[in-house]
Structure formats: C-alpha cells, structure tokens
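In the two complexes that follow, subunit A is the common piece, with subunit B as its partner first and subunit C second.
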Partner chain A sequence: MAALLSVQNLRAAYRLANGVELHAVDDVSIDLREGEVLGVVGESGCGKSTLATILALNAAPPLYVKSGTMQVQGRHADLTESDPLPRSERGKLISTLPQSAMNAMNPTTRVRDLAYDVLRAHERTTRKAAWGRAGARLEQLGLPTRVLERYPHELSGGMRQRVITVISTLLDPTILIADEPTSALDVSSQRAVVEMLKDLLARKIISGVLFITHDLPLLRHIADRVAVMYAGKVAELGPTERVINTPEHPYARALVGSILVPEPHIRAARVLGIPGSPPDLAAMPKGCRFHPRCPLADTRSREEVPPLVEVGDSGSHFAACWRTLEARQLLAGNLVGGPDGRVG
Partner chain B sequence: MNPFGRYLLNKLFWYLLAFVAAMALNFFLPRLIPGNPVDAIVSQMAQGGGASGEAMQRVYDTYIVEFGLDKSPLEQFISYLGNLFRGDLGTSLGNYPTSVNSLIGAALPWTLALQLPTILLGWILGNILGALAAYKGGWVDRGAFLGSLAFSSIPYYGLAILLLYTFAVALPWFPTGGAYGFASSPSWTWGFIADAFRHYLLPFLSLLLVVIGGQAIGMRSMAIYELGADYVGYERSLGLREPRIVRGIFRNAMLPQITGLALSIGALAGGALITEIVFSYPGLGTVLFDAIRQNDYPVIQGVTMLITVAVLAANFLVDLTYGLIDPRIRTAHGAGA
Partner chain C sequence: MDASVRPSHTGVQKSPVDQTQPLLAVRNLNRTFGSGANAVAAVKDVSFELYPGEIVALVGESGSGKSTLARLLLRLLAPTSGEIQLLGKNVTHGPKTAYWREVQAVFQDPFASFNQFYSVRRVMLSALGVLQKQPTRAERDSRLRTALSQVGLSESLLEKRPYELSGGQRQRVMMARALMLAPQLLIADEPTSMLDASLRVSILNQLKDVRDATGTTLLLITHDLGQAYYVSDRLLVMYRGELVDTGPTEQVVAQSQHPYTRALIADVPTLH
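Let's turn to the complex of A and B:
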C-alpha cells in the first residue's frame, strides 16, 4: 500500500527561557496509508500533541523542529522550515481538527463566514456560492444547514465539534490531523464525531486521518493501526487489534492493561497500573526511556536505545524494546501459572 | 415587548435615576462651600466706597431675592429643576448679569476643538500603534510599549506643564497661553487661524500624547491575548490569508477599546480642565475654575451638569453598541433581561 503521508526522523524541542531544551518528540518516523486511520495514543506529556502541532504545520516558538521531513502525495517538505508548505496547500493537503471547537473558532464570526473565509482563501468564490457549498456538505453529513447562521457560542459542544469537522474538511483535504477531537465530548457526541470521520473517509472526501488521543478504547472503533508513544518516541506500532490483544512493549502492555476491557484474554494479562511516572523531559533516562518503570529492564535497556523493530511474523507489528522475547516467555509462563497473571 | 426593548427600558430607568441623583449633588454640593456669592459681590461694590451701610444692606437684600437665596434650599432646588427643563441654567453670579448659557456657549467650542480631535486622533493612532507593537513584536514592540508606558504614566497636566516650560518658556517657540494673541479677535481670516493654531499646538500635543499612550497599551495587551488564541492557529492551518486572520484578531481586540472611546468622549467636557487652566485656554475648564473661586453656583452647576449628562449619555451608548457589536453579549441580554 502506498504511503499517503510519510514523516521521517522528526525531532522537536521546546526551548525554555533558561536555554534548556525539552525534547518532546525524538526521532519519530510514521507512515499514514491511503484510506487509513492511524491512531496515536499515549499518556499526557508523551509528545502526541506536539506531533500533531508539527504535522498541522503550526509549530511556533517556543517549539522548534530540530529535524524531520515530510512527504505528502509526492511533495517533499522540510519540517524545520518556518513554512514547510505554502499557504495555498494548508487546509487542502493537510488539514487539522482541533480539540476544542469553542476556542478554535473566532467567537465573533458566524459559521458561514468562517466557511466563506476558508473557501475564499483557496479559490475564487462568492459569499453565496461558499455558503451553498458549506450547506450542501452539512446536509451530506446529516447536519442541519441552519447552523451556518450561528455563532460558535450558540451551538452545543457536540454540535460545535461536528460543525468544525465539516469546516476542517471543507476543502477536501488529503490528510486530516485530528488532535484529541473527542476528548471534551460526552460518549454519544464522541460517537457522532467518529462516525463522521468514517463517513468522510468512505466518501473519499479525505484520504487518511491521523487520530491523536489518550482514549485507547475509542481507537478500537476507528483506527486501522495504532502507534503507542512514550516520552517522545514511538514505543509500539501495529494493527489496532494486534496492539490491543498482544501488545509487545511493556509500556503498551501496561497501557492496555490499565483499561477495563471485557475480553478475558486481555484481562488475564492485566497489570496493576504503571509504577512511577513519565520521565522529566529535561532529564531523560539513558537507554530505553521506559527502563526506570519497567520490571523487565536489564543492563542493555539502561544503556542502549532500543530501535523500533518488527516483532512476530505479521510484517506489520513493531516495538522498540530489547526484552520482547523475554516478556513473551514470562507472560506465557504466567498464563499457565495462574488466572490473574501479571507481568513483573 | 421583545427582551432587548425591555432591557433598554430597564437601563433607561436607571440612567434617569442616576441623572436626578447627580443633579441633586450638583445643586447642594456647591452650596456647602463656606461663604456666600452675594457677600463677594457686595464687598466688591463697597470697595468702590461712597455707599452707606444702609444702602449696602438694601443692595444685599435685593441680590438675595434676585438670586432666590432667601427661599429654603428645597424650594431653590425645585425652581432650579424647573428652569433646567426649560433649558435655562440661570444667571452667573460672578459675571452678573451674563447668563450661564451664554458663558458655557462661548467656552464650549474651545473645549470641543481641543478635546474632540485629541480623543479621536489619539484613539486611532494609539490603536494602530498598539496593534502594530503586538503583531510585529521584537524591537518595534519594546519601543512602542516603553514610549506608551512613559506617556500614559505622566499625569496629563504634568506633561502640559513640561511642554509649556520647554517650548514656551525655555525655548520661546510657542505662546505661553490663551487661545489667540491679545491683539487679535476671533474671525475667519488666515491670520487669525494661524495665530489660533500656534496657541493650539501645545495643549493639543500635551493631551494627544497621553491619549495615544493609554490607548496603545490597552490595544497591545488585548491584541497579544487574541494573537495567542487557538482560533488563530486553526485559521492559519486552514490556509486563511494573513490579512484576513489579522482582521479577525483586531476586531476582537477592538471591543474593549470602543468602550474606552465612548467613555472618553463622554468625559470630554471635563477631561482636560487642568490643561485649559495651565494654558489659560478659554474653555469649560477655565470657566469652571473661575466659577469655583467666586462661589458662582449657577455656573458650577451648569458645567457639572453638562459633564454629567455627557458621561451618562456615553455610558448608555456603550451599553447599546456593545450589545450590537458582540453577539455573545447580545445573547446574554436577550436571555437575561
């Protein structure tokens, strides 16, 4: 399958006033395939939102991209530049779906005027024509056209998020970077936004979604593949069901285990939370970044950074861990040993 | 009645109440000043000599009756209100028998000519400077911000005295006071206009710089706040054109500035009293200053009433336009009132 979006060796840091650099994203490479939803999951501070900001081409001081390239539909962009893509490509090649629609919309602009501004920035159009197109798109996706007349504060939270999804995809962008688009919503509104994204993909209005969230169960409903991030690095990457059912990286396993999932075979592999907390970005541990919290860490884990390598034989499942083999053996032993077996 | 109409009526009622309260204060406060205006007039006449004590007493009594000072304060207040509604502000005691209306009528144009251009021009320039500082950042920002801070921190009369001393006394480039030279009288000739302009420049500048500074600081902080808003990043990532985004930012940043403009236009009548005194400018400030020195109740009342009405009207206007400009407030009014 052809890669729609290919990000290579992305490194980015926040520069503090005292000159210290916090490496929030460290050597991340990610491919997004045609027609795919790639979920990026991790706890707070793992770098997933920083990744979204950079891919949305919104990096601004104090965030600096140290290295990284991006390829979108044959176009090559250097992410360290201040404007990796010309303005005319923004919103068309790559668009963003932000977390809080309330803050992402100018409070004194009606929905229809935002729609007009978005369309007008990329093509010659009239106010009437733009409103007509926005209205048609709303209807197509099952939303009432009267929301066009509304100001952001006049819409409910769930409706606002759906309306902004329509605005974000008004230009039929190739790729949509969705940064926690459902995090502030109730369950039924989350569902509505997720269904809408699927609908947009099915109608080929958009060709791929990078879906950033801390909500792993939600990803089961939408993501084809999942990347688990920890301390600025990709810890594990693979098809959603494989990552959730047979996580290979101890952190991914702990993350999956910390969520209530009804299936017994997952419950069996459950750990009791994750001891410790994510590392301070200013004082990153040597070697594997998870080693201070990892029950399986050995000398090599403490010294050498594990690369992201293929695990198993699926050809699509990767993990960055020196101890995957041992972990699997231990897990197998535990499963035989007792019904509520734990790792470590 | 629709909610907005009800809201308006409610507001109007409170403004009327505030007006009556202000009028009462206007009336009674000057009368608390020790002394009596008739004393001053009579003692001035007595200095001329000639008249006997008995004749003086008769003159005194005549003035007391003429000005209605023999009646009880409440009766005086009621007749004052009655005259007010007929548009009659009474007769000046200090410049008897000139009417207060004509005193204010002569002074008001000078005050307006001094204040209206400073407020409008200062508001426009200040907002542009503040917006530019916020948008450009760096050295532009630092320079504009420090300059604005300095000028807005100096009391306006302090700057007036500073300018007066520097450019009229130490460097005698400009006249030290008045609205025009002693030799000329107001007329629409080029000579007079040039003369009036020379007298105008220093008081104008002393007020303008302060207004620019204050407005620039307000606009800058509002614009910086708006520039950091999430919607700016979102609009950029959708590829909106920069002028389009900037327009949205500044429209939002302008909202509180518009309140400021309306309020300063309201405070215009009384806004630069001391500037006028410093430059002996023949505006309302000078009239009020003289009236206070002479216990000239009707003139004090007339000027303060004008100021009160202007401030109340401006506030009312702000209440109205704010609802029209900001949809969020419109909704709140509709729901709450």
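Let's turn to the complex of A and C:
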C-alpha cells in the first residue's frame, strides 16, 4: 500500500527562555497509508500532541523543529522551514480535528458562519453557497441541518465534536490529524465520533487519519495500526490487534495492562498501573528511556538506546527494546505477568 | 458530635454503626432548573441508599444528571423537593458545616480545584475550617501526616504549590484534603476523567485502599463503566435524570435487562 504521508527523522524541541532545549519529539519516523487510521497512544507528556502540532504544520515558537522531512501526496516538505507548505494547501491537504470543540468554536458565531469562515479562507465563495455545502455535508453524514442555525452553547458536547469534525473536513482534506478528539466525551458520544470518522473514510472524503489518544481500547475500534509513544520516541508500532493482544515493548505491555474494561478478569485481581511517571524532558534517562520504570531493564538498557526493530516474523510489528526476546521467554514460562500480558 | 474528640484516623470504623442502617438515604429527590415551558428536570424522583463501607458507582452519559445529583448530595445545590437523610436524620436543610464534616468531595478537574497561590499545606489545612473547635497544632500535624500517608504522598510535598505537581498528585492532594476530616462519605465526581489511563488505576486503587483502611463510604461518579466495574460493589445507572437500574456491579454488567444499561455497556470499548 502506498504511503499517503511519510515523516522521516522528526526531531523537535521547546526552547526555554534560558536557552535550554527540551526535546519533546526525538527521531520519529512514521508512515500513514492510503485509507488507514494510524493510532498514536501514550501517557501525558510523551510527545503525542507535539507530533500532531508539527504534522498539522502549526509548529510555532517556542516549539522548533530541529530536523525532519515530510512527504505528502508526492510533495516533499522540509519541516524545519517556517512555512513547509503554502498556506492555501494546509486545510486541503492536512486538516486538524481539535480536542476541545468548545474552545475551537467562537461562542458568538453560529455554526453556519464558522463553516463560511473556513471555506472563505481557502476559496472564493458566498455565504449562501458555503451554508449549502455545509448543510449538504451534514445531511450526507446523517446529522440534522438545523445545527447550522445554532450557537455552540446550544449543542451537546458530543454534537459539538461531530459538528467540528464536519467543519474540519469540509474542504475534503487528504489527511486528518485528530488530536484527542474524544477525550472529553462520554462513551456513547465517543462512539458516534469514531463512527463518523469511519464514515468519512468510507466515503473517501478523507484518505487517512492520524488518531491521537490515551485511550487504547478506543483504538481497537478505529485504528488499523498503533504507534505507542514514550518520552518522544516510538516504543512500539504494529497492527492494532497485535499491539493490544501481544505487546512486545514492556511499556506497551504495562499500558495494555492498566486498562480498565468491564470484563470479568478485571475484578479478579488488583490492576497495578505503571509505577512512577514519564521522565522529565530536561533530565532524560540514558539508554532506553523507559528503563527506570521497567521491570526487565538490564545494563544494556541503561546504557544504549534501543533501535526500533522488527519483532517476530510479521513484517509489520516493530518494537524498540533490547529485551523483547527475554520478555517473551519469561511470559511463555509465565514468570512475569498473566494471560492479560501484564508485567507483574 | 464534636469531630475533634471522635477517634478518627485510627484505621478502623469510626463509630459503631449498624451495617443495616443506611449511612445516607435519598428519598424522592427532585431538582428542576428554569420554570414554565423552559423547565428542565435534571434529577427526577431519585431514591437510593448508601450503606457504611460501600463503594457505589453512579454511571450514566453526559447530561444524565450525575453531577447535579452530586451537587445536591453535597448540599451545594438545594433540591426542588425530596429528602436527604444522614444516619436516619433529615439533613436536607439546616447547617451545612456540620454536614460537611461527614460528607466530603473530590472533584473532576485537578487543575481548577486549587488556589494557585496556596501551598499544599495551606490547601489541606483549610479543610479544617468546618470543624467546630480548631484542633491543636499537634493534632493538625498528625491529621496532615495521616491523610498524606492514606493517599500515598510524601510529606515533602507539603511546601509545594499546585503548578509543581502532576495531575495525579493534585488529585491525590484533593483526596488527602477531604480525608483530613475523616468523613463518613466521600463523593468523587469523575475524579479520574482528566487523568491518563495508567494514573486512573492508581487513583482508583487509592480510593479502594482508603475504604479498606478507614471504612469510608465512597460514591464514585463516572461515565466510564470500566472504572465503575473495577472498583465498585454496587452500581446505580442514571439516564435522563432518573435512576433506571441498580444492583451489585457484576450482576448489572452481566445480566441487566434494562435497555439503557445494555446500550451503555455496548458502547464501552473493550479489548477482547
């Protein structure tokens, strides 16, 4: 499958007033394929949103891209430049779906006028034409067109998020970058937003989604592949089912193990979560960045940075860990963790 | 009852309570916002009991009235009609400070719950304001220490200010603040919804540990059935202001016949 979006060796840092640089994204390379939803998951502070900001071409000081190139639909862009792609291309090639729909909407503007503003920024259009287009799109996706007349506060949280989804895809962007679009919603509204994204993909209105979240179970329902990020690096990358059912990186395993789902085994034992917290960007541990919290860390983990390498023979599952082999042997011998893959 | 002489923080049940007498009983509670044609019944004829030492989870979607009910139970909002009883005594009206000695809360947003200029010590000590008699310095310190250890925080945090703490630590400080009063009932309104999945588990474990150590009754309000299922003994399911389903957690999740409960369970993303 052809890569829709290909990002190579992305490094970015926040520069503090005292000149210190905090590397929030460190050597990340990812591909987004045609028709695919790529999930990016990790704890707060692991660089997910920084990655989204850069890919949405919204990086602005104090965030500086140190290196990295992006290939999208045959175009080559150097992300270190201040304007990697012409402004007019942005909303059409890559669009963003923000987390908080309330903050993304002007409380004194009706939905229809927001739609007009978005369209007007990219092409010549009239109010009437813009409203008509937004209405048609709402109808197509099964939402009532009367929301066009509404102000944001008149809509429920779930409806607001769906309306924002419609508006951010009005220009038929090739790639949609969804940064925690469902985190503020209850499960029923979450499902509605996820269904809507699937619908947009099925109708070929958008061709690929980068879906950022800290909610791993949700990804099972939408993502084709999952990238697990930790401290600015990709720790594991693979097909969703494989990452969730047979995680290889101890961090991914711990993340899967700390999920609470209404399934009987959850009540049977105490779920431990992940001890400690993600590292301070100003004092990044040497070697594998997860080693201070890792039950399997050895001397090598503490000294050398593990590369992202293929695990197993799937050809599609990668992990950045020196100890994947040992971990698998231990799991097979049931010395570490139970059937749910938790490191104990 | 003078809270300062009560044998609190001893790690055992505070008063010899009858396990069959409900700690909190809610009778036909109603709350309507607005009037006339614009009236919205946010809580409709809700009745339930909480028994000592129980962890009860109140689940439902956004807008189902969970938080309105929480505010009614905390007496931050007056009910339109109905009655709240604490250990058999009607407490719907009357002095609130006495009520707050027994019923405390942990709120959703760990970033909005703090005064930015106050140290953790000051935030925690401010909770003692509802006591009738201000405790001695020695007792204040012992309460501080006990409350911090109950939530697994070190005393070195006392001089820090909110911006120096992580989201998980803030939420623990909020729990410790409530535990300073050794309340009989702790109402946690979505305490984990703004935290990471890995932190959620540890906060829920902490709440469970507090219950196990002190016998504090816990009402956990959440829209996440996964969390409710993990931690609670009993479930209350709320839909459009009404309590539509209730029962032991496992039974409700496995067998409930109520269409809304089934839909809610179906919407929860699962792993297998």
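We take it that the second predicted complex is superposed on the first by the 323 of 344 C-alpha atoms of A that agree within 3 Å, B and C clash if a C-alpha of one lies under 4 Å from a C-alpha of the other, contacts with A are read in each partner's own complex, and residues count from 1 in each chain.
In this text, a residue touches a chain if its C-beta (ideal position, glycine included) is under 8 Å from a C-beta of that chain, and two chains touch if they have at least 3 such contacts.
Please read all numbers here as calculations on a predicted model, not as lab measurements.
> If you stack the two complexes on chain A, which partner ends up touching A:S88: first (subunit B), second (subunit C), both, or neither?
Only subunit B is touched by A:S88; subunit C is not.
> Examine A:L148 and indicate which partner it touches, taking first as subunit B and second as subunit C; both and neither are also allowed.
It touches nothing on subunit B or subunit C.
> With both complexes superposed on chain A, which partner does A:M105 reach: first (subunit B), second (subunit C), both or neither?
first
> Now for A:H122: first (subunit B), second (subunit C), both, or neither, which partner does it touch?
In the superposition, A:H122 touches subunit B alone.
> Can A:I274 be said to touch subunit B (first), subunit C (second), both, or neither?
second
> Contacts for A:A130 in the overlay, against subunit B (first) and subunit C (second): which applies, first, second, both or neither?
Touch partners of A:A130: none, neither subunit B nor subunit C.
> Determine, under the contact definition given at the top, whether A:A56 touches first (subunit B), second (subunit C), both, or neither.
It touches subunit B, and subunit C stays clear.
> Just to be sure I read the superposition right, which of the two partners does A:A254 touch: subunit B = first, subunit C = second, or both, or neither?
Second partner only, subunit C.
> Do subunit B and subunit C touch any of the same residues on subunit A, and if so, which?
The overlap between the subunit B and subunit C interfaces on subunit A is empty, containing no residue.
> Spell out the residues on subunit B that touch subunit A in their complex, using ranges where they run on.
Touch residues, subunit B against subunit A: 229-231, 233-241, 244, 248, 251-252, 326-328, 331.
> Mind pulling up the subunit A residues that touch subunit C in the complex?
It is residues 43-44, 156-158, 185-191, 214-218, 220-221, 244, 254-256, 258-264, 266-267, 270-274, 277 of subunit A that touch subunit C.
> Applying the document's contact rule, which stretches of subunit C touch subunit A when the two form their complex?
Subunit C reaches subunit A through residues 61-63, 166-168, 196-202, 204-205, 223-230, 249-250, 253, 263-265, 267-272.
> Which subunit A residues qualify as touching subunit B in the complex?
Residues of subunit A touching subunit B: 56-58, 60, 87-92, 94-96, 98, 100, 103-109, 117-118, 121-122, 151, 153-154, 167-168, 171.
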